[in-house]
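What follows is chain A paired twice: with chain B in the first complex and chain C in the second.
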Partner chain A sequence: MTIKGKAYIAGAFEHPTRHAPDKSVAQLHAEVALGALADAGLTRDDVDGYFCAGDAPGPGPATMAEYLNLTKLRHVDSTELGGTSYVALAGHAAAAIALGKCDVALITLAGRPRSEGMATGTTPRLRDPNQPEAGFEFPYGLTTANGYAMCAMRHMHQYGTTSEQLAWIKVAASHHAQHNPNAMLPDVVTVADVVASPLIADPLHRLDCCVISDGGGALVIVRPEIAKSLRRPGVKIVGAGETVKHLAGGTFDLTTSGAARSGAAAFAEAGVKPTDIKYVSIYDSFTITVLIQLEDLGFCAKGAGGKFVSDGNLISGAGKLPFNTDGGGLCNNHPANRGGMTKVIEAVRQLRGEAHPAVQVKNCDLALAQGTGMQLGTRHCSSTLIMERE
Partner chain B sequence: MTRPLVRPPRKNPILRTRLPTLPPAARSRVALGLTAAAARGRFELQVCRDCGTVQYPPREACRACLSPRLDWRVQDGNGELVAETTLRHSHELFFRERMPWRLGLVKLDSGPLVVAHLHGDCAAAPTRVRVRAHLDRAGQAALVALPDKDTPHMADDRELRELTCDPKFRKVLVTDAKAPLGQALVEALVDAGVDLVWAGEAEPWKKPPGFERIKALPQVAVVPLDLTDSRAVKQLAGEIGGRVDILINNADHHRNFGIAARDGIETARAEMDVNYFGLLRLAQEFAPAMRARGADGQSSAVAWVNVLSVFALSNFPPHGTYSASKAAALSLAQCLRAELAPTGVRIVNVFPGPIDDEWNQTLPPPKIAPARLAADIVAALRGGAEDVFPGNVAQDWLERWRDNPKALERELAAMPQP
Partner chain C sequence: MAARPIPAPIVTVESEPFWNAARERRFVVPTCAACGKAHWYPRAMCPFCGTEKIEWRAASGAGTIYSFSVMRRAKERYAIAYVTLAEGPTMLTNIVDCDFDTLRIGQSVRAVFGETTDGPPVPLFRPA
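Moving on, here comes the complex of A and B:
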């Protein structure tokens, strides 16, 4: 049993806003739903599967299903994996379609942390009081940024990775963002700019961190027969993997992410290897997130990430592995503090040949989207999705 | 290396005093086991009785075998600092006011990987460290990684000082400083580098040996303070209340006997008047100013020490009414602790066994010497504990009381009357 070839991404939409003080979160969900359905050439009445995650207002999928007035649902899924949820939900949608549980799956994401004044990274979020580890991490000032920072510190210690090497990841993203009219940070930056920006949590600088933006995105995933009836270029889902990595009582390696396991599963299902991939969307909450995931996915050896990302190797047209050609979370958009959705959307653009001409990868027939949700340094979720142009 | 503290400049009285902020305080019930140990100055973790796994964070079931049979065991805290970082931006007010803040991940030799505050003298990761559990300003256990070996001026570390109540450069009020323990406390505090000790004097006509020498120390100012006189307490609070950083209530009225050997209630009333109402009067007059000064710079109001008695845990019939007055004081101290909790001012309750003084002459040894008790109190302030059981007798009673309070009650009842 596999999802390979059983489902197609027929619609993808990224909300153009980066600041939406005048809109509600539910309204943004509705706008991206309509955008993705219009992109696919479908309507709400065609939707019989709805997928959302922790950003959706209300408990689980019911509130948004009502707001969107989805009346034909026969399958729902609100798996919450943090920022990578939407990479995983695309795989879940493909699995549901393969099992005949639904024909047209809609996945939505939206949020407005920028309008709500919610800084991420440096703020401990309100946590479930029943979360057993809550009282043992936040009282130390552990937030998102310094948790990832300690992974970077450890990577530097074990492998000699440098701040300048990490900075190259931001530099590559900024080279892409300059062509994206919606990008929050469209200016090209240099390695010197990154390492000269203020430290947020050693060794991560401000420019090592992603943006905080309002907005959202949506995907429409359908059965092959329906995909072929639509006029859009076919983007086939060929492999998916997901996992959770946690402290395991202290037997934990700070420099390896769940991507090692979710990536291997996705490659196995797709029957491809890293050298076959033409374009990657890699979750970029921080520069170190990208570096560790690239290693774990097998694009380079463990520990060789610093060298691998240097000298523009991630820049489309210049390097060997073009990544995040929309500018990614580092420069373009990180709606709802969750970057998984935009990772899949840019991969779809690349496979369709609809990326900006300046960053479009030639003969882009196989792409990978990889996400890490929650806290890399303690416990996180990882999901990988491999997509192929029909 | 930690830079030694310097005496803070005189405070500008016009500047507004910062409101105290606290680190996040929410803990699960089982997690309070860590706090209970830290309150006595210990670092304990749960160890599984079935498979021997040491675990952190504390939880209801063993992380390895899910057994609920978990025992709290003292840890040596030795481990390796795996990674560190320095927080430079936070919207958590407590940290925001204390940036930059160093923290790290420590792999304990016993297994767990823990997040901990990081002493400034710890070398860059990876390096050997010692993890200790201290109470933080919110009164909850917090782990702090110290360098492998002691360093000069280690106690002056900014992050460590947030977890302790070090008397260095602070101003301290000691009630009944003429008593043997009071004198020993004043001397120990002067040795610990206090800025000033107000030595409370209840009975000016008394001339106990040694007091003249203490009075002559440059850091000591004798002040009139009779805890049975509400007006006197109020008046002194009006004069010095806004400057007291640490208050040590050592006043004690102690007479022998229980109920049968007494006629009337006058002795018991006198004990209550000092031991219970004395604390209440002090708390009403001095706590408000201390409450406002919980975050008043380097030498903030930081601790309130009650010298109680281990007799407060369970009545010692040969000193029956005295035990009752100390039990009342313990209960009131818990109330004071709750009321001062939002301010970060720590209530330190000291439960000595019999002190080697005139009212315990008829008790056989072991008895704790006043100088030893004073040293233990200063050590508790430096170590950040809130419940202190100095001496062998107190430790023995505590263990018996924790094991089985009813058994201790029966054992004490069986002791002969003097």
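Moving on, here comes the complex of A and C:
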């Protein structure tokens, strides 16, 4: 049993807003849902599968199903994997379609942390007192930023990775963002700019961190027969993988991520290898997140990521592996503090040939979207999705 | 510079033996009586073999820094770290009583207890 070729991404929509104090979270979810359905040439009445994650208002899918007035649902899935949920949910939608559980799957993401004034990455947050580890983490001031920073620090120690090498990831993202009229940070930056920006949590600088933005995005995934009846270019799902990596009782290695396992599963299902991939969307909560995932996916050897990302190798048209051509979370947006949805959307644009002409990858027939949700420095979810142009 | 106030840890039925020992200034590491392995974070069930025979053994207090990060964007700077204990597991903690700029991975550290705002003290480390 495989999902390879059993489902197509027929609709994709990214909300143009980056700051939405005048809209509710439910409204943003609904706007992206209608946007993706319109992109596909379908309507709410066609939707029989609804997929969302922890950013959807209310517990599970019920509140948004009601708000959207979805009345034909026969399959729902609200798997919560943090920021990478939507990469995984695209695979779940393909699996549900392959099993005949639904024909038209809608996945939504939206949120407004910018309007709500959350200091997302630098404030310790006590999420759930029933988490058994909470008493052994919260008192120490664990934040998103310093958790990822410890991964970077260890990677530097173990493999000689430098701040300048990490900076190249931001530089590449900024080269792409200059062509995106919606990007929060459209200015091209240099390696010197990144390493001269203030330290947030050693060794990560302000420009190693992603933006905080409002917004959202949605995907519509359908059976092959339906995809062929629509006018949009076909984007076939050919492989998916997901996993959780954690501290394993205190026996862990901070320099590897779940991408090693989720990536291997996705490549095996798709029957392709890293060198076949023409474009990658890589979750970029921080520069180090990108570097570790690229290594774990096999685009370079473990420890060689610093050299691999240097000298513009991730810049479309200039380097060997164009990444995040929308500017990614580092420069474009990070709606709801969850970057997985926009990773899939930009991969769809690339495969359709609808990316900005300045960053469109030539002959882009195979793309990969990779996400890391939650906290790389403690426990995180990883999901990988491989897509092919029909 | 003032030290960051440390919030009280949440004490659960499962972690109570650890925090009771901490109140007596005893740093204990949960160790499985069945498979002999120490684990972190402390729990009632051994994560390695699933046995619920945990002994709260006195730790030596010796460790080495596995990784760390100084939080610069905070009212009071602090160093978060993973320290690998002589007993085996690696734990999240803070490094205190030190010059943050001289910390390095592999450095030897020693456990000390640090007061929390209104709870049991938590294990911290300082350069050995």
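One rule holds for everything that comes next: the second predicted complex is superposed on the first by the 389 of 390 C-alpha atoms of A that agree within 3 Å, B and C clash if a C-alpha of one lies under 4 Å from a C-alpha of the other, contacts with A are read in each partner's own complex, and residues count from 1 in each chain.
Here, a contact is a pair of C-beta atoms (placed from the backbone, for glycine too) under 8 Å apart; a residue touches a chain by one contact, two chains touch by 3 or more.
These numbers come from a predicted model, not from an experiment.
When both complexes are superposed on chain A, chain B and chain C occupy overlapping space and clash. Once the two complexes are overlaid on the shared chain, A:A201 sits against chain B and chain C alike. When the two complexes are overlaid on their common chain A, residue A:G135 makes contact with chain B and with chain C alike. Annotation: chain A residues 122, 124, 129, 132-143, 145-146, 149-151, 153-154, 157, 198-203, 247, 249-252, 254, 378 touch chain B in one complex and chain C in the other. Here chain A touches chain B in the complex through residues 119, 121-124, 129-130, 132-143, 145-146, 149-151, 153-154, 157, 198-203, 247, 249-252, 254, 377-378, going by the rule given at the top.
Only residues 4, 6-12, 14-15, 19, 37-43, 47-48, 66-74, 78, 80-82, 85, 88-94, 105-106, 116, 122 of chain C touch chain A when the two sit together in their complex.
Interface of chain B with chain A (complex): residues 23-28, 31, 53, 55-59, 63-64, 82-92, 95, 101, 103-105, 107-108, 111-117, 125-126, 136, 138, 140, 142-143.
Contact residues on chain A toward chain C in their complex (touch as defined above): 122, 124, 126, 129, 132-143, 145-147, 149-154, 157, 198-204, 247-252, 254, 378.
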